[in-house]
Amino acid sequence: MLTIGDKSFNSRLFLGTGKYPNFDMQKQAVDVSETDVLTFSVRRMNIFEPSQPNFLEKLDVEKYSLLPNTAGAKTAEEAVRTAKLANASGLCDMIKVEVIGDDKTLLPDPIETLNATEELVKEGYTVLPYTSDDVVLAQRLEEAGAHAVMPGASPIGSGRGIVNALNLSLIIEQLTVPVIVDAGIGSPKDVVTAMELGGDGVLLNTAVSAASDPVKMAEAMKLATEAGRLGYEAGRIPKKRYATASSPMEGISV
Amino acid sequence: MLTIGDKSFNSRLFLGTGKYPNFDMQKQAVDVSETDVLTFSVRRMNIFEPSQPNFLEKLDVEKYSLLPNTAGAKTAEEAVRTAKLANASGLCDMIKVEVIGDDKTLLPDPIETLNATEELVKEGYTVLPYTSDDVVLAQRLEEAGAHAVMPGASPIGSGRGIVNALNLSLIIEQLTVPVIVDAGIGSPKDVVTAMELGGDGVLLNTAVSAASDPVKMAEAMKLATEAGRLGYEAGRIPKKRYATASSPMEGISV
Amino acid sequence: MLTIGDKSFNSRLFLGTGKYPNFDMQKQAVDVSETDVLTFSVRRMNIFEPSQPNFLEKLDVEKYSLLPNTAGAKTAEEAVRTAKLANASGLCDMIKVEVIGDDKTLLPDPIETLNATEELVKEGYTVLPYTSDDVVLAQRLEEAGAHAVMPGASPIGSGRGIVNALNLSLIIEQLTVPVIVDAGIGSPKDVVTAMELGGDGVLLNTAVSAASDPVKMAEAMKLATEAGRLGYEAGRIPKKRYATASSPMEGISV
Amino acid sequence: MLTIGDKSFNSRLFLGTGKYPNFDMQKQAVDVSETDVLTFSVRRMNIFEPSQPNFLEKLDVEKYSLLPNTAGAKTAEEAVRTAKLANASGLCDMIKVEVIGDDKTLLPDPIETLNATEELVKEGYTVLPYTSDDVVLAQRLEEAGAHAVMPGASPIGSGRGIVNALNLSLIIEQLTVPVIVDAGIGSPKDVVTAMELGGDGVLLNTAVSAASDPVKMAEAMKLATEAGRLGYEAGRIPKKRYATASSPMEGISV
């Protein structure tokens, strides 16, 4: 059971709702994933255009905790404003702070992310900042009151998976609040890796929505999340150079 | 559905039966894993000592395909002799050729493995040789009539997982018979990696039996096998340096 | 030729002066390395205790550009104060901003590092901040006027080398000022890797001073720096799955 | 000083002579590399066509030890025949056994390579077989009398560098004869890695001849070979998770 703020979840897989081939496939993928938390961009909510199609229309939003994100914001101020829009819409159980600092790589801005987190915590939101895997920044975000911290595995949409397992493991080790590994997930292997490191959950979108078969990939991701968590809890064997080695490898060279 | 020789299996996870803390835990782990194929060393069968405890006694061996291995053999001749012992015992649906060429690393002997495979194929066995990840040797084993080929991920008992994903992927690409990734698996991540590469199955033992909680790890491995297979079938997204890159990464440096 | 601020260097290897077995070995290692830039902690300068032994006493400091660091500082304010001490001592051609944010991992504090950089730039120093490999933070440091940026390869003293080649390559790509890869270097391989990524230089200390043979390792590091730079300039061949592949690998799985 | 059979070499870099843009560049690259050993395919020697241009014509072959290879051979018999041609030409100080087992990947055939090695050793050649990184096969090649063993880092021409550092390190550890890492080298980093593992030398061709600037890359490779060897001899620092960790990392997960 994963608890963030005052909410608890059976599933440790947070799923994005964007970029599916169509809304039927979106709904099927969400169903199969057994996620408890849906994330989406506030920008895509068409809050003030009720005549427009609603990209969540096929989903029974009552069944999920909703985690809108502030994508599109480039400053803390914009992120806070976006969060308030989300809140006003009623579709906001928690807010994912996403302040992009670089249009090319879509990597987050550390300073603005921290500032937005501080502000939204003060305003009473349940705040989950998307951040780089900078270990000290993750600690600062926790100190600022973040209810969970969401370090990126690799750049958004890159599909490169866990690039820096060391930093993720240090963040997990040092933080008290949950750590949700976010961004860059490409395949089930990446999910299992994040969970075996002790991550409390993973958030992904493109890896499912842009897979050749999104619904099948959603199921793969569900199973991967469970496999990784169980593997973490079950306590893996140590690594050695070979079985008859008297001690675990010490990594001098290989 | 995985087919080897004239047998078909629902599960792609082959499980070893050795080194569990006790036979109750062994049985529970086997049950939870939902494996269809059990592997064990002929040496431990106590075939000619009926008074001795039978390490398979808690298991309903009728429910499984049995894959005894020739561990202990250092030559093709010894492997063939061991296979015949297994066959005589009645506990031999398929035979895993295991000829160790180096006592320190427990890595297989390529020449003796090939010779034993040729001989046992001639004698009508369903033969699954354990081999290194040498790509051409794997092809020679297929040409010799092996019904599946079992390249090692890393040294037996090392828990180091997939060291050479390239060679495994080339073996998978070049062979017609099933490829079961064997040896060195340490955690669910390794299983998912093998399956995402297109492996037809995995064989593991220590990763479950020596985990802190073998039964929980058995479940993790079952889910990992399914997650990896589904992920492979679902067709993952390409890797890029970052999302806005116009083409997939070409790996010049990173 | 590497240029930082108004200084130019023939060598791209910056060498630390701490933790050598003795001062003779320190001097020999520095000589053999052919470095142009020496770095050391202001804290160890004994500025106000002239009676104390001077850890630089064997070195002809006139021959080098001196890059004292602010190690020990936990805030921007402390870092600025430490920089001023260094400057007052006369042993300060450039200043390395080092603000540790976590006593356990010795990883840098992003916010305080940025603040100290801004302040010292205003005061006219040539400023080289040590930072994580956060890509946007590196851009912010450049915008703040840093004369070079020094992202860590891995935690100080860990000897783990380049953990996140992707982030380093993105920093190198996005910045105009020189990028000196700092911290975590363990062996010549790490140096060559940093230089092949296009790094403008490397800074290391423990990898030489704590090697079994520091003087020999200093020579290895000198050659590695040159080899990596030449390799970068010479333009490496692309990576493929195998030679006859018609196109470079696209990194789907391996 | 590297000794193979009755020859000793100052340089640990063996350089191929094929695929340069032109013979002037070939000569310059060879000169700059300071190699002592040149390798080339017997097939390209035009032994019986003296009117044809000689691809070694610009090189003073007297200055080098010549290591022709049997590329093109698919069986031991063909390799032996090719070796004899080389020997008859007078341009054969040592012979590199190269028996390709797979036209697609150009990976070596373990059985035929072993057979050719046995035969050529009997005939009095100084024999250096090119082989996969199969650890036991390398031992068998040594037992067959090989004067050095040349495991591939990755497929010929792939530029992928050291894929399986574990196997290379085990081969180096287990063999008494020199281990020359061959095939797949892409950049100076790969050379340094091979040498830091304790390799006695490296052989490369395409990484230099197909670089944008072959002469500059030749120099980079020379320096990399020296840097890696010195780094190996100098004794690197252990890897830790972070500096203040009381013990080296044990590689449980990262």
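Observations on the structure shown:
First chain written, first letter: the chains are A, B, C and D, and each begins at residue 1.
Everything below uses one rule, namely that contacts are C-beta pairs under 8 Å (C-beta built on N, C-alpha and C of every residue); 3 or more make two chains touch, one makes a residue touch a chain.
These numbers were taken from a predicted model, which means no experiment stands behind them.
Taking the mean of C-alpha positions as each chain's centre, the chain lying farthest from the centre of chain C is B. By the residue-number overlap criterion, the interface of chain A with chain B counts as same, with over half of its numbers used by both chains.
Averaging Cα coordinates per chain places chain B and chain C 46 Å apart.
Averaged C-alpha coordinates put the centre of chain C at 34 Å from the centre of chain D. Centre-to-centre separation between chain B and chain D, using Cα means, comes to 33 Å. Contact with two or more other chains is made by residues 104-105, 107, 155, 160, 166, 170, 196, 236, 238-239, 241-242, 249 of chain A. Taken in their complex, chain A has these residues touching chain B: 103-107, 155-160, 186-189, 191-193, 196, 206-207, 210-214, 216-217, 219-221, 223-224, 226-228, 230-231, 233-245, 249. Touching chain C in their complex are the following residues of chain A: 101-102, 104-105, 107-111, 114, 132, 134-137, 139-140, 154-155, 160, 163-164, 166-167, 170, 174.
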